[in-house]
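Quick one: this structure, given as structure tokens, is what I'll be asking you about.
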Amino acid sequence: MRIGILTGGGDAPGLNAAIRAVARRAWVDGHEVMGVHNGWAGLVEPGGVQPLDAHQVSGVLAVGGTMLGTSRVNPVSDPAAMAAVQRHFQEAGLDALVAMGGDDTLSVAKALADRDLAVVGVPKTMDNDLHGTEYCIGFDSAVAIVTEALDRLHTTAAAHHRVMVVEVMGRDTGWVAMMGGLAGGADMIVIPEFPMGLDAIVAHLRRRRERGRDFSIVVVAEGASVAGVTGEPAADGPRDAFGHILLSRRGVGPQLADRIEVETGFETRVTVLGYTQRGGAPTAYDRIWATRVGAAAYDLVVDSGFGLIPVKRGDGVAVTELATVVQEQRRVPEELYRLGQVFY
Amino acid sequence: MRIGILTGGGDAPGLNAAIRAVARRAWVDGHEVMGVHNGWAGLVEPGGVQPLDAHQVSGVLAVGGTMLGTSRVNPVSDPAAMAAVQRHFQEAGLDALVAMGGDDTLSVAKALADRDLAVVGVPKTMDNDLHGTEYCIGFDSAVAIVTEALDRLHTTAAAHHRVMVVEVMGRDTGWVAMMGGLAGGADMIVIPEFPMGLDAIVAHLRRRRERGRDFSIVVVAEGASVAGVTGEPAADGPRDAFGHILLSRRGVGPQLADRIEVETGFETRVTVLGYTQRGGAPTAYDRIWATRVGAAAYDLVVDSGFGLIPVKRGDGVAVTELATVVQEQRRVPEELYRLGQVFY
Amino acid sequence: MRIGILTGGGDAPGLNAAIRAVARRAWVDGHEVMGVHNGWAGLVEPGGVQPLDAHQVSGVLAVGGTMLGTSRVNPVSDPAAMAAVQRHFQEAGLDALVAMGGDDTLSVAKALADRDLAVVGVPKTMDNDLHGTEYCIGFDSAVAIVTEALDRLHTTAAAHHRVMVVEVMGRDTGWVAMMGGLAGGADMIVIPEFPMGLDAIVAHLRRRRERGRDFSIVVVAEGASVAGVTGEPAADGPRDAFGHILLSRRGVGPQLADRIEVETGFETRVTVLGYTQRGGAPTAYDRIWATRVGAAAYDLVVDSGFGLIPVKRGDGVAVTELATVVQEQRRVPEELYRLGQVFY
Amino acid sequence: MRIGILTGGGDAPGLNAAIRAVARRAWVDGHEVMGVHNGWAGLVEPGGVQPLDAHQVSGVLAVGGTMLGTSRVNPVSDPAAMAAVQRHFQEAGLDALVAMGGDDTLSVAKALADRDLAVVGVPKTMDNDLHGTEYCIGFDSAVAIVTEALDRLHTTAAAHHRVMVVEVMGRDTGWVAMMGGLAGGADMIVIPEFPMGLDAIVAHLRRRRERGRDFSIVVVAEGASVAGVTGEPAADGPRDAFGHILLSRRGVGPQLADRIEVETGFETRVTVLGYTQRGGAPTAYDRIWATRVGAAAYDLVVDSGFGLIPVKRGDGVAVTELATVVQEQRRVPEELYRLGQVFY
């Protein structure tokens, strides 16, 4: 059997552990393993499928990123691209493909499985918002990095009696902000699931000051919506040589910090954690569970469980349909959000 | 309401997060919180119950150990001591007690609940072997430390082409060795649940050398049983001034390393991780779940759920009986053990 | 003797180690120690001088920030403020003051010493640009954090074949960028001491791509000057409710990233490390040398070496004049800058 | 020119940075670089010299150990071995050799230079005890690891009111214990340079207890001499199948802990940091200075400065004779030792 492995979308710590798990399980059983490079681009374009050998996966357990490269190429809505994927899949002689990614990558996997390609998935997204699984590769590492950053920012915020706004990952959902904020002792957590007005934030910060707390840490998901503040670049903002508005990747953090300072008069600073949240060695937890879902994906391949994906349920690995995990986003539940508020 | 909090047995990273969660929830509702110092010793002896205030729990989220102190005092089999506990409980005016600990501490909690004291539990053990819960405070941090140590030992083992034996926590069960070994890329994992002969270990290390792997990492739980090797001190070993055999806290690691070197002729070294596994800042995961089970323990107190204990089930917190978690030890299942062997 | 301690300017990891060193040395000799709160503000305003006791400095060695608080208040050019400082100094009964800070804080210390106040200094600046000393408190920790961030960003840059621009501290000098870039394997380092045109940067990145390096890390000091790029907010940029231009604390990084992407067509991202560079536990090196210069500052106090400051020279501590360290900024020498270029 | 690089003795974090620096400098100038594998064994035995290419040194900056492997083989006293080294040096066509190591490795380098082989040195030893240099590769990383371990052990020692004895590297000198103990807040530091009786240690621990400090951390260098305690295995201790006394690599720590417990009655535990002190990613400081001395060693090669070695002096790199650095061990000075005692 010849098994391909592909990683798509943003890179995440733990992907290499999952790749290694699939490959080692396959080699033990005498199968051949191919690496598909740079996500779906490696099947849309020719030449993107290369043999993987034992030497290459040695030592990758502790390394972040993805050894196969990745891209955000998504062929789903382009019939020619989909046809190319199917053609290159066959030309590479793949008997099965393990596609690791978030809802974007996995929706391609589902579409290919619907066309009878032998594809299984592995759940990966640092945003942790795939439906039907308690674990997505990379999330624990992202939370760990945010927590470490909050530990660091506490001392400087305290020394200067400042409000520190910390913008973290999360365009649509607030898992990283919620869990990182809880672990890092945030004094306020602002996430997309629970929109909040600038007034409420300002009032809370004033109350803290009145109670003698002379610094505050506000964790905000980049995609959170704060009435009175916008993360969008101003229409009259700086433009590039071609007239495009630049700096447009910015989230809500910097403007929120500016607004807080103007409204409260408290010295306020912003830190955008950005790409540091993706990087570096995966946590032990991410390595273990990436290994477990990776190994389970291999089991699905062997059992011809195409169109399926292993997910974490409690202490073990269960199996669900690719269709299930991409159908909707998993959102931070109110119970968890309320728990965070106790610590404000 | 006046609520006491107690931590017993070995200290574990995350205990302070759980203490903080109980206390903050209680204060928000207007209750009074008391710290019981040094585990059950704080109730066996007079004077061990002191008020806890908000200032004390500020900043403890990131701090390992337990701010309340701990001990291994266990009054269960001593009627006078049990009577003292009940008397000091009443004299301190406690309306309820949250006891955080492993099976030793929680068996006392259960015995007191059986005598109608208002006691709830919180699961804590770095060994992760409490029955009926997917999470015990401290385990994720222990695994993280073991993983980091294995990452470090890999480079030195590789540079010197050595066998490195790493002894980790686990007298009765092998959770830390299993999960740490999986995350740290151990080439062999030896745990109490699956006894193994020295011959099998030696044969495996020789096979690796024949395949060109010129170094190996063997992770062994301190309580693992290896036929042909014993962790007990020799009867003719060194003794102290009073004639007691010393060095008796040693696990199986050092002797296993010596035996491997003698049998294989491969240069072999041993590292006993020891108390470093207990220490330092808890991982984000431990802070989050310690907070969640701590908050849930407060809910039990308010709902008069005495004799009960919050446990992790999947993505949430469930409740079970103290009697359940102490009835037997949770052991590493065969499926997980076999997964580890794929990576040898 | 009653000795005051003050920390001014930005906070830095290691300040608490220096405070502890002064205090412990003083207590051993039977002196009294006072903490001056929030930098020079604690002497400009009344009530800012409080006793320091042994309990307070216990455990602070590993804690970042400054336990005394800090501010950027600088009374030098305000005669009334200087008079207030002198008055509160006397009212607090101080026999000597140890002032820890960078050139701003130390220039006040010098001005007070010139007026015969008993003041000695301790060198602190994460920018590492004080003249006449090989060590400033906080610098090693800043470099360590930048290095760790670069390690993290490497994996994500590699996975996505991106250019990653990393903006680090350094308004006037490039020490953090230079040393962090060297340790973190930067592919290009841009610092204020050696201005560079956008053209040169773009040409270098293109050459790397031609040589098959499909990602690059560019480290840029916030204050670096790049011809063709400006870190200043556009005059027509967003303004606050009062018409002030906001987001004005931004360095050159984001615009440099935008310009690189436009010019090269390579996918380019920016990370601004910001306040995370200040925070968290000091490195071992910072704790050791902060302790050594702190202890030496106490020796100066005892020896009436007012107007002086201990500095690192080779393996030991020497003494120089406050006037010397503030007279000019220490700049990255060309030899070091050229060494970095070998690794591009 | 064809330049060989060799690493000998124990591995140390930072060696790869030094290898990379020599190689990159050489490649920029158009020279060829060869790796000598496994220390002097790679020249005593045939086949140990292999080409090094740019791909191999990519990414090694952050990796501990040594990519060239190492050994403790020392040919100096064996004329046949020395002849073999010279022969293989010539057969490999080496024009020069950069030998990185401690006094053992460098004494071979010196002996070869004395025989007119083109050899320069690079100072490497985690013990930091080479004469004539303020920096040896690996020392800063060792101190960082010891400091981190002490931070961790503080919380568990405090929770249990224990004495914790921590044995660290240092057979002949106490640099790691001294600096690690200073940075980690040790309550007592015991090093070879300043022998101490068990009585003095016990008396100090009792005084601390009387002052209300209910836990203590004692850092001891493995080679420290404590009157009344011996780290040597007992003559009647356990033996292997061949009758050899085993466990003989043990330092003074475990027995010191046993003796303290017996003498004081305080609960006492021991942690032997062992090989974890060698491992893992080098600190930023080690990467920077390993790069600087590595680059300077290349300069020596180009300038035919054979028999010489670059050393750190103050903020820069100086050059001295190999004969100088191996002539005697650098010892912890009394002034530094006394500074540590202030913090007991």
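First chain written, first letter: the chains are A, B, C and D, and each begins at residue 1.
Here is the rule we use: contacts are C-beta pairs under 8 Å (C-beta built on N, C-alpha and C of every residue); 3 or more make two chains touch, one makes a residue touch a chain.
The model shown is predicted, which means the values in this text are computed figures rather than measured ones.
Taking the definition of touch as given, a chain qualifies here only if it contacts chain C and chain D alike; none does. Between the CA-based centres of chain B and chain D the separation comes to 33 Å, rounded to the whole angstrom. Note: centroid distance chain A to chain D, computed from Cα atoms, is 41 Å. Among the residues of chain A, those in touch with two or more other chains are 151, 154. Under the stated contact rule, the graph of chain-to-chain touches is a ring, a single cycle where every chain has exactly two partners.
Under the contact rule stated at the top, the pairs of chains that touch are A-B, A-C, B-D, C-D. Contact residues of chain A toward chain B in the complex are 20-21, 24-25, 28, 59, 61-62, 134, 140, 143-144, 146-147, 151, 154, 179-180, 182-185, 281, 283-285, 287-288, 291-292, 295, 313-315, 339, 342-343.
Residue ranges of chain D in contact with chain B, taken from their complex: 10-11, 13, 38, 63-66, 69-71, 145, 148-149, 151-156, 158-161, 164, 234, 236-238, 240-242, 246-247, 249, 254-255, 258-259, 262, 269-276, 278-280.
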